[in-house]
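Order as written gives the chain letters A, B, C and D; numbering starts at 1 within each chain.
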Amino acid sequence: MTVKFGVLGAGRIGQVHARAIASVPGATLVAVADAVEAAAQALQDQYGCEIRTIDEIREADDVDAVIICTPTDTHADLIEAFVKAGKAVFCEKPVDLDVARARQVIETVAAENGTLMVGFQRRFDPDFRALKAAIDEGRIGEVEMVTLTSRDPGAPPPAYIQSSGGIFRDMTIHDFDVARWLLGEEVETVIAQASVLTDPEIGKLGDYDSVNVILRTASGKQCTITNSRRATYGYDQRIEVHGSAGSISAMNHREANIEIATGDGYTKPPLLNFFMSRYTAAYAAEIAAFVEALRTGAPMPTTGLDGLRALELADAALQSAKTGQAVSLSAR
Amino acid sequence: MTVKFGVLGAGRIGQVHARAIASVPGATLVAVADAVEAAAQALQDQYGCEIRTIDEIREADDVDAVIICTPTDTHADLIEAFVKAGKAVFCEKPVDLDVARARQVIETVAAENGTLMVGFQRRFDPDFRALKAAIDEGRIGEVEMVTLTSRDPGAPPPAYIQSSGGIFRDMTIHDFDVARWLLGEEVETVIAQASVLTDPEIGKLGDYDSVNVILRTASGKQCTITNSRRATYGYDQRIEVHGSAGSISAMNHREANIEIATGDGYTKPPLLNFFMSRYTAAYAAEIAAFVEALRTGAPMPTTGLDGLRALELADAALQSAKTGQAVSLSAR
Amino acid sequence: MTVKFGVLGAGRIGQVHARAIASVPGATLVAVADAVEAAAQALQDQYGCEIRTIDEIREADDVDAVIICTPTDTHADLIEAFVKAGKAVFCEKPVDLDVARARQVIETVAAENGTLMVGFQRRFDPDFRALKAAIDEGRIGEVEMVTLTSRDPGAPPPAYIQSSGGIFRDMTIHDFDVARWLLGEEVETVIAQASVLTDPEIGKLGDYDSVNVILRTASGKQCTITNSRRATYGYDQRIEVHGSAGSISAMNHREANIEIATGDGYTKPPLLNFFMSRYTAAYAAEIAAFVEALRTGAPMPTTGLDGLRALELADAALQSAKTGQAVSLSAR
Amino acid sequence: MTVKFGVLGAGRIGQVHARAIASVPGATLVAVADAVEAAAQALQDQYGCEIRTIDEIREADDVDAVIICTPTDTHADLIEAFVKAGKAVFCEKPVDLDVARARQVIETVAAENGTLMVGFQRRFDPDFRALKAAIDEGRIGEVEMVTLTSRDPGAPPPAYIQSSGGIFRDMTIHDFDVARWLLGEEVETVIAQASVLTDPEIGKLGDYDSVNVILRTASGKQCTITNSRRATYGYDQRIEVHGSAGSISAMNHREANIEIATGDGYTKPPLLNFFMSRYTAAYAAEIAAFVEALRTGAPMPTTGLDGLRALELADAALQSAKTGQAVSLSAR
């Protein structure tokens, strides 16, 4: 059985997913929809798929599944519409910036007995999977403390920041998901600090660029998250998990695996500078996992609930940063 | 001019400082005092110094300076007594576990126009100094976020934990001092989380073994501190400072600088397993700095006030861990 | 203009090149030939190309270029036949195990004004290209000494060893090519040592499994090559170039970019264990470079002459290993 | 029992050994001799030893052992004189630049039943000892190939080069000794290449600055040695040993264990720039081993024969570099 795909939105991330579909055996790209003609055309040229409207894709008999790559504020409606139309849905995080709306969508999916995978590509990164596998094999004993470092090379443009929901909902949200995945327990308490250090404009928009968060589970496991919107040396993405029997780390990816020694010292190249080049393999593996789950009938590896939980943590962190108080998740 | 030293307390740390004195040009060890005869005798055998009582050392004309290596609860009284006797005093942290008493001591030292250096050896570690020098040279721009990771190979015995003042005052205190040193600004707000994960006995004693702290200065700079009382791979001591123009890290020290490759992978030896072997050079440099300041009349590189500030941060962190609220330093 | 390809030989390396063609814009796979029906069928299934005989491909109007992935002893005849038929030819090294025959082929290609690229994929590896680019930018000054370490995870089967021409012509030949590329001068003198250390069967076949070679150019630049047929930790592929102003190295590729710390030390995973996974990107870049040269009319990046020179160095090394004497290339 | 030492020669290396004696329990420095008054005076000031003539030390009852740190051309005579006087002798390599004379000295020592340790400090470096211990524990199986990389930051002054016996006898000799130590078998065949690449003046003096050597034992084990008189990034000293079950490496020592990340990449400091700072611990351990052997009556860990064998390898390498022929050690 081949899974026939429609892609909604042919922008940057839509292209990434189209390429992923082409690389996955048992998946084929049938149709693409985008308000921008040229964007849709580019996908057609490259993969031979048809250009259709979103409605046409929703009603098409030759489309089994869609990947939603449209702007965030369209996600909730599209998920509901396509699930109701009987399509399997893969949607980039978040389901919605509003927790209540996200909850509603999840309920709709459940009521329709629909299929929804929410994209958290980091869980599919080969290094992070190797790290998780080693933990699951017991190589570091019981997980005690997780340390996540995520720094972007630079802040997105002001327009994006305004519609993004802020750093916790847009950037830290990936770390919240990774934290849940690695802690193996739900988070009970969140405390956070947030500053504007890289660009006062970000502060004027009501957002932050430098944040630290401590998460804590019921059994006392903890996770710290460090985020910055500025890293001159590239896209900084590190995980360290400390356990009762040892620690495990996943390291950064460089532009090239070389080193130059001179009188100034030993220099390795900066990190890959862009999340799409850093996570190329993760994006492909994510779609492969979606296809695999569709073909085998296994549960989706990341669900709407995962999206919701991460969003709740983002809201809690924001509240803690503003009030200086620990926020309890269960009490919310 | 040679600085003539007395050492009070000939235990583990007293021996370290005696060796440091022997290695510093312009310093000589004249006398040692210890209630345990054998301990004092060992120093006499090795360095040819005299065994005296604490009172004799305080009144001795041939002693310029003392190093206080006695139990914590004697520090405050000894500092006051020796400063009043006109001796320069080097005292291991802390001045006292009680902030009010520590403040009193500092006032006494000031009133007597005395000389007091409080030992925070990490500031004198060659790697950490190189890191600080690079920051001061502007190589990473403005400091924005500091990340300190300190993990002990194992917890001290219960008796020690009871008298130590708890993990924040005993272990994290070193990180608080390093944080102040590297942030270059006083800390304004502290939030912390604390768990018992390695040994329930520690919890029964009312202490914690796994803590995370976020510090924040008035300008919004932040520092995270991660501590654990258990690290199977040795004595874990890392610093990372993130700035506007780059980041800088100081890495761990291993037992040997070798690597073995087999079918199981590439393995480097564990870390040095003990703070005294890890910080051998730092302890020597610390005493050399004390001697240098005495000889040149320069200000002491680390003072009673540094000890007090670190202690205040420890108290604030403990309060935050207990209340779940950010603790403001200025408001205390 | 799209370059239309035929692939001769649909075995392991033929599949690699077919995948590369599919990934290169401006290239398309039209036809495949293989005596083994199933092998050809697999490529047809995956890429939709036609199955034809070698003769049909040679005479086809819709094929511009071929990739020769057939056994070594067919390379020379096929190159000549396809060049005479006006096809551009990409052939895996070697042109022929016999230097005289290889020379003849090169002369034929020249006489026919034909197009021949001989595959030395390492020159197209992204890390090695970054290393070469840094050298060309002058970052290590003048190249003085090159150190090449190549170790295979294990020896090929006896049947392969017998037809391979021996370790120097089969394995070291890649290092000879890299050495010429990085030294930037032709080699004048070769000395070598060769042993049988991993498996006596290899010695019975008249071959070696452990060799060291020193190359020297007219100006005195040197290159050492270390090869072994056994490396328990994976496929070991390192380059170090020492120059007047510094050194540059290209490091190995691991299975995952993680590290586990326990009481036994800090362990990173073994290396990628297979030349095809290690050089995946290089194989794709090599075909992209061939297509680029065909489309722009630029000279082929690696030619029959490169293949010949590497083979001459292999013969010289074998002679030196057997006689214990330096072998002069110019004198041969 | 305390071993009472005389030091002959109070120059750079004499100071190193005096400091080592001071740090070794059970050893004491009694006397120093040096034609340069100020040099001897400096040692007296620092360690409280007496200044005497060489003859006085030789005849002194209160001196058990001497360390010969005088110029190379005095070593042979001094060793013989002091051994005949019943003193235990530690002599820096080489015994003599002439193999015949060195052999004679060894025979004299044997005839006198004397005690001679020849200094090859690398064998006592803590990292190299850890590497050797891992090999002896069988962690890499049978040793197959050793790779030694030694590069000096810069060439010594012309005057030194002239009296040094040339690069093989002065610099590579340390690698020859390490090779013998790690191969665990005597070398049978030597081939070498030598160039002048860093400074034509070195060539005018009849010496080389860039050499590569391949050693081979009877069982076919091999060792490559790479030397250069120029390394902009510091004093480069690496060992890699490849065995049947794995490989083991000893890495370089840096000025500080830090790393700076900026837009230019990740930079670690250059290497320690001087053999004395790199091998501080090795020099101390070497004297400790001498004292230990004297106190326990155990055999000397490195002997005159070790010095002789390394010298023979140096001569063989020079001959091979000049003739282009493999030189057989057994045939000499």
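Throughout what follows, a contact is a pair of C-beta atoms (placed from the backbone, for glycine too) under 8 Å apart; a residue touches a chain by one contact, two chains touch by 3 or more.
This one's a predicted model, so the numbers in the text were calculated from it and none came from an experiment.
Chemist: Strictly by the touch rule at the top, which chains does chain B share as contacts with chain D?
Modeler: A, C
Chemist: Based on CA centres, what chain would you say lies at the far end from chain D?
Modeler: Of all chains, A has its centre farthest from that of chain D.
Chemist: On a C-alpha centroid basis, what's the spacing between chain A and chain B, in Å?
Modeler: Comparing mean C-alpha positions, chain B is 41 Å from chain A.
Chemist: Could you state the distance in Å from the CA-based centre of chain A to that of chain D?
Modeler: The answer is 57 Å.
Chemist: Name the residues of chain C that each touch 2 or more other chains.
Modeler: Answer for chain C, listing residues that touch two or more other chains: 232-233, 245-247, 261-263, 269.
Chemist: Give the list of chain B residues in touch with chain D in this complex.
Modeler: 126-127, 130-131, 134, 139-140, 245-253, 255-263, 269
Chemist: Any idea which chain C residues touch chain B in the complex?
Modeler: 232-233, 254, 261-270
Chemist: Can you name the residues of chain C that touch chain D in the complex?
Modeler: Of all residues in chain C, those touching chain D are 142, 144-145, 147, 149, 151, 189, 191-193, 195-198, 210, 212, 214, 216, 220-222, 224, 226, 228, 230-233, 236, 242, 244-247, 324-326.
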